[in-house]
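Two complexes come next, and they have one chain in common, chain A, joined by chain B in the first and chain C in the second.
Up next is the complex of A and B:
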């Protein structure tokens, strides 16, 4: 890859981390945390984004980040009070900032009106004259040396300081720029490949000069002594300050043929001088001072003596800091001196990592982990097969082979758990996208919402995480759009104007539970019922419990929004959410209290790879029922089985009647049900709390099984969640208990395709 | 190996020929990943009659299609003498249950005749063309739609 591109990529990776930090800080600020450390952290993050953006000439981003940064600066210098309004504006501005970063990365465009609107709001906060439109002078000192120090990683570290010294005259040579002309700083470091391809740096420079007046500085610090000089190496690098009316594309065109064979950076240093003048109010320009102190000690800066002392103290401190590049050192020291006003002009170091990772980690291709997981899955199957063979061979349980196998089983489990732990990740990555979504939906609906998130550290398998975003997004939208009332409506019922939405993740019984709770109006049961009747989903006289009414909203084709709103009524209903959750082997349920709000509860397996199951036999087929759904199992007595309306069987379990579903018949493996009083009934609880008894011929035992997708090579089958491979090497189907209980019970025997295959 | 080559007449390809009942068919050899003996399959509920179920192919769940039934011929009662051709179609892997694999054929494209109009629609959607080898008629079939219709029917 082009080294410049890879640096850019690193920058965007860093950006993601910085933005995450910034958002967390902003959220804390919104929650009333006006701690200077929090504000500083956000400031640093935004500043680093801006600095990096400067190095890559990302104009839009710089401009936006600059205004943002100015506000943060006002806040931390306590020139501006952190009000709720400021925090909210900053949060919305943050969203646009994130968009700018994304646009810069993916080459898109941020909606101009949106960006400008927020910019206007931010400027209004600062006060009209508080901010210059263009980057202020510390900008240049902020990003240019950073680039150099990155360069320094590839080459020798020395050129940095030389560049640094060379900067000041270059700037001063620029003031003859006309108004429309822009000043570009071009760093051009050819590699030997460029010369190999018969390109010549001189020609490139001459070509550049055609665009406008140039100021070319050569950096020959890499040139070795003559006896070490290799004729085919490239040693020289140039810094060109170009004043031109041409745009960046035109400048890049000059480098068209050499771009791949050189390290090139083109940055716009627009109106430095105007900005420099405007920044007179800035207490002191540390970077400029430093440059002058280093480059031209004779020219004493017109600054108070007090400041000078500070600067030299800082330089002294900087020299104590071990840094790879000397130019980076003063910057590394700068944040340490945060309380002095001088640091306003001092950018944090480019690679400032505010929260260094406490533990060593490695990045591994997900593919490799998946391969490992698959292999371990095979190991589990093979191990099960082996123990079955050993049992069949009649070896005593106390024999060495059997004992060894037991150890092997323990070990296998342990390996499996460890491998699964590799893929486990905190749900934070999903949760952190939600505040923004909530803000946007709140804006669109004109409601005021506070999102409270808990349990972000809850860990779950990566494959589950990836597929959590959509359902959570949908449920949150739903909670705000349908659940919460408008501030006026809330005032009428004596609720605080700001609605509360709670997003929570927790582990419960080997599953991850995600709750989305709002304090809105709750489900309007008569209306839900009315709609369900209107749409023919239930019959008018059907008796339903409150819970069952609530669960009607999960039926396909059900949407209570009177008008299709832009937010949640996209024709995608809760049934889609439920289906995607079911696809993950999860369940979703709802509980609601009129006037007080509703709560959606998602329960998902921690991993999609293994499942604890009960192995049963029905119609000569071996099937697996997920243990998580099973409440108990019992042997039904003939007198406990009754028939409602002559055909639908129910079984009395203690004092309740639950439907009795003959699995063999329900799946179409057999036409005639099991004879009364034989077989085993497994009491299962479906999502939404509905219970049913599954009638099978026998229970073989309990086993952990590796889930194999049917969809990979075939398709989903109703009533079957997935497949697995049992100890004998044969494929067994894993029952989709919810589908069996709901769909099949409601549509009995009306299936055209009743015969079973084979 | 049988050659049906018309020298100097364009594209050549290798095909695997197999028998279902008394008819002979062939598919492009590049689609066939392996050929294995019949092992009992786990039936799937609510699937068309040509879906024999799924088997364990080294840890992967492999659906088995009774190709004869799929083409509209008789439903096959598999025995140990039957053969599963493991094929890859459109990124998916499946097993085709056939009576026996009979030959590998080198064929020049221009020897293939289009399917005559007599064939019914179901056959025509699978049979791409016919050709003759040693007095035998062989149908060249395309596998693209073998599982596709299952989805359409299920939807």
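Up next is the complex of A and C:
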């Protein structure tokens, strides 16, 4: 991928995290339990969003984030007090900020009036001239086109400036002087502070040489004898004659980091005389300098060999000086061909056994994890097939092969669990989006809502997480729009004006359960019943329990124009929600108490990849029933089976009667039911609490199966949730227990659906 | 010889941008997510880091703390440190300078300028 795009993706990913952090901080601020670090963290998050936006030239986002950041800055420096009003404004501004990020990501636009409105409010908080406008966006953020240059060398605007692998380019590599070139005289006298900050004169000279041919003269007259040399002091001065087309600003830029720590003069002297003068100066007698360094008078004859030996000794001592020696000494005189060994300390041993940075987490492409999951799925199947073959071959259970296989099975399980754990994520990521939704819906409906969230740390497979958002959104909208009363209505029934909505996640029986509970008016059962009768979903005289009436809202065709409001409906009925949840092997139900509120309960398998199942045989077909739905299995006696209305069978289990469903018939494998009194009944319970006994010919045993989607490979079939591959390589269908139970229990309701389907 | 740059920034986007531009330019890059981790990485690679690039406002330990920590390591007393500043905020730049920063990079940076700045301080 284009690195620019890839980094941009990273930016938006990071934005999600930053916004999450910011929202949490803002919520804490609103609740009044934010300390200075919380405020600073929000500031940092917004600051980082702005920083990244700047890098990608996202103007709208930059402007909005800038004002937001300004407020956060005022708050953290305590120039502004954190009032309830400020916190509430910031929360609303946060929503718009999130919209700006989304708009930048998806190439959309944030509604101008909305953005401008909240911007105005924020500016009002700061005060009229509190916001310093981003002075010149072109200057600050205008380099975007240049970012492209990171991708290839062809786009680099200054070829010379990116060429610096290994050794620095020789001075001769500088561009040739042309007619428009001017001659500059630069006097450069570093102060010791410059070296303390790890700047080096030599590097500055090297940079200058990139601008054009240079003639460098070093004035080493202040360099003391070597034994008096201090590693922390600056002694050398340079005069550089530079011939370049670059302007003064470009030359000054070279000195950007050092200009406060040196004496610098830059003059343009476009005359041959100046150049000649410089040349003369450049012929400084290096021997004289060396002599000075050695403590001898400049005019002295060349030092005898004995003296040179002493110099070596001094050099050796000099090298014992700590690292800054290399920075502080006139080693930078290199261009003037000074004998560099004089003060060069040993360079740090770069690249010797580089230790990696400590890392507790790694980021892995989801594709790779998915491939691993798939492979583990196949491993489970292979392992099952192998076990079956070994069993069929008649090997003793105690044989080495069988024992080894047992170990393999344990290991396979462990691998599977570990792989699943990789994908497991807390539902937090979904829950975190909800406070905003609640704020919006509350705003639109004029209701006051307090959202309480519990169990955010509950973990579930990533694929499940992704599919939780829509149903939860729907349930919350429904709870606020239909469940909660207006503050006035609540006052009439002595409820606090603020309605309570509780969103909760928990693990129960190998599934994740999500509950959305409100303390509103509850379901208006007579009305729901009336609608259902009007729509022909139930007959007028049908007897239904309260719970059954409540759950009528999930029936297809129940939603009416009257009940679909902009907020809760969005044109989608609860039946669609239920269907999508069932598609994931999940169930949804509602319970309600008039005047006290309603509770949606949604349950989903923790993973969509494997399932603990009971393998059964019905009509010569091998089928799998999800173990989580099974209560018990029993052998039905003929006298326990009764027929209602001459056709629908029920079975008496202890003191209760439950519908008896012949699976072979229900799925259309055969027309005639199993002979009375034979076969095995498996008692199952649906999420709605409905029970039924599934009549099959035999139970083969319990097995973990890998779920293969039928929809992806074939199409959806009523009563069948998915398929799997068994140990012997055959495909087996996985029963959708809920659908089977519901079909029987709500037969009258199911009929219109069939008509519609046909 | 390949030079090593330690980049310290709490923004992943920023780290990736730095990393990309510097690696492209032939540097070896080490990364840290805040000042504390930055100094840990420095300690683990003591004497092998040629340039440090650090953000200012970071959780746990900020950029000024990083400068102090780097300068306190005898092996890195003379290692160039570049600070990242978003605003060309003179006060912050000055504070970083007096703490011992070698130079600065104004965000958002252009990769060419970034590499330019690194080269300007790296021997």
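Worth pointing out:
Please note the rule applied: the second predicted complex is superposed on the first by the 440 of 758 C-alpha atoms of A that agree within 3 Å, B and C clash if a C-alpha of one lies under 4 Å from a C-alpha of the other, contacts with A are read in each partner's own complex, and residues count from 1 in each chain.
Simple rule for what comes next: a residue touches a chain if its C-beta (ideal position, glycine included) is under 8 Å from a C-beta of that chain, and two chains touch if they have at least 3 such contacts.
Quick caveat, the model's predicted, so the values are computed rather than measured.
Using the contact criterion defined above for the overlaid structures, shared-chain residue A:48 touches chain C, although it does not reach chain B. Of the two partner chains placed by superposition, only chain B is touched by A:718; chain C is not. Looking at the shared chain after the overlay, A:667 reaches chain B, while chain C stays out of its contact range.
Legend: residue contacts after superposition of the two complexes on their common chain; A:733 is shown touching chain B, with no touch to chain C.
Of the two partner chains placed by the overlay, only chain B lies in contact with A:708; chain C stays clear of it.
Between chain B and chain C, it is C that contacts the larger number of residues in chain A.
Of the two partner chains placed by superposition, only chain C is touched by A:11; chain B is not. Judged by the touch definition given at the top, the superposed model places A:378 against chain B, while chain C stays out of reach. Chain A has no residue lying at the interface with chain B in one structure and with chain C in the other. By the touch criterion stated above, chain C contacts chain A in their complex at residues 1-4, 10-14, 16-17, 20-21, 24-26, 28, 30-32, 37, 40-41, 44-45, 47-48, 50, 57-59, 74-81, 86, 97, 100-104, 107-113, 115-117, 119-123. The touching residues of chain A, when paired with chain C in their complex, are 3, 6-7, 10-11, 13-14, 40-41, 43-44, 47-48, 50-52, 54-55, 140-141, 143, 146-147, 149-150, 156-158, 161-162, 164-166, 168, 195-200, 202-204, 207, 254, 256-257, 260, 322-324, 326-327, 348-352, 354-355, 357-358. Within the complex formed with chain A, the residues of chain B that make contact are 40-56, 59-63, 92-94, 147, 150-151, 154. Considering their complex, residues 374, 377-378, 381, 621-622, 667-669, 708-710, 712-715, 717-720, 723, 725, 729-733, 751, 753-758 of chain A touch chain B.
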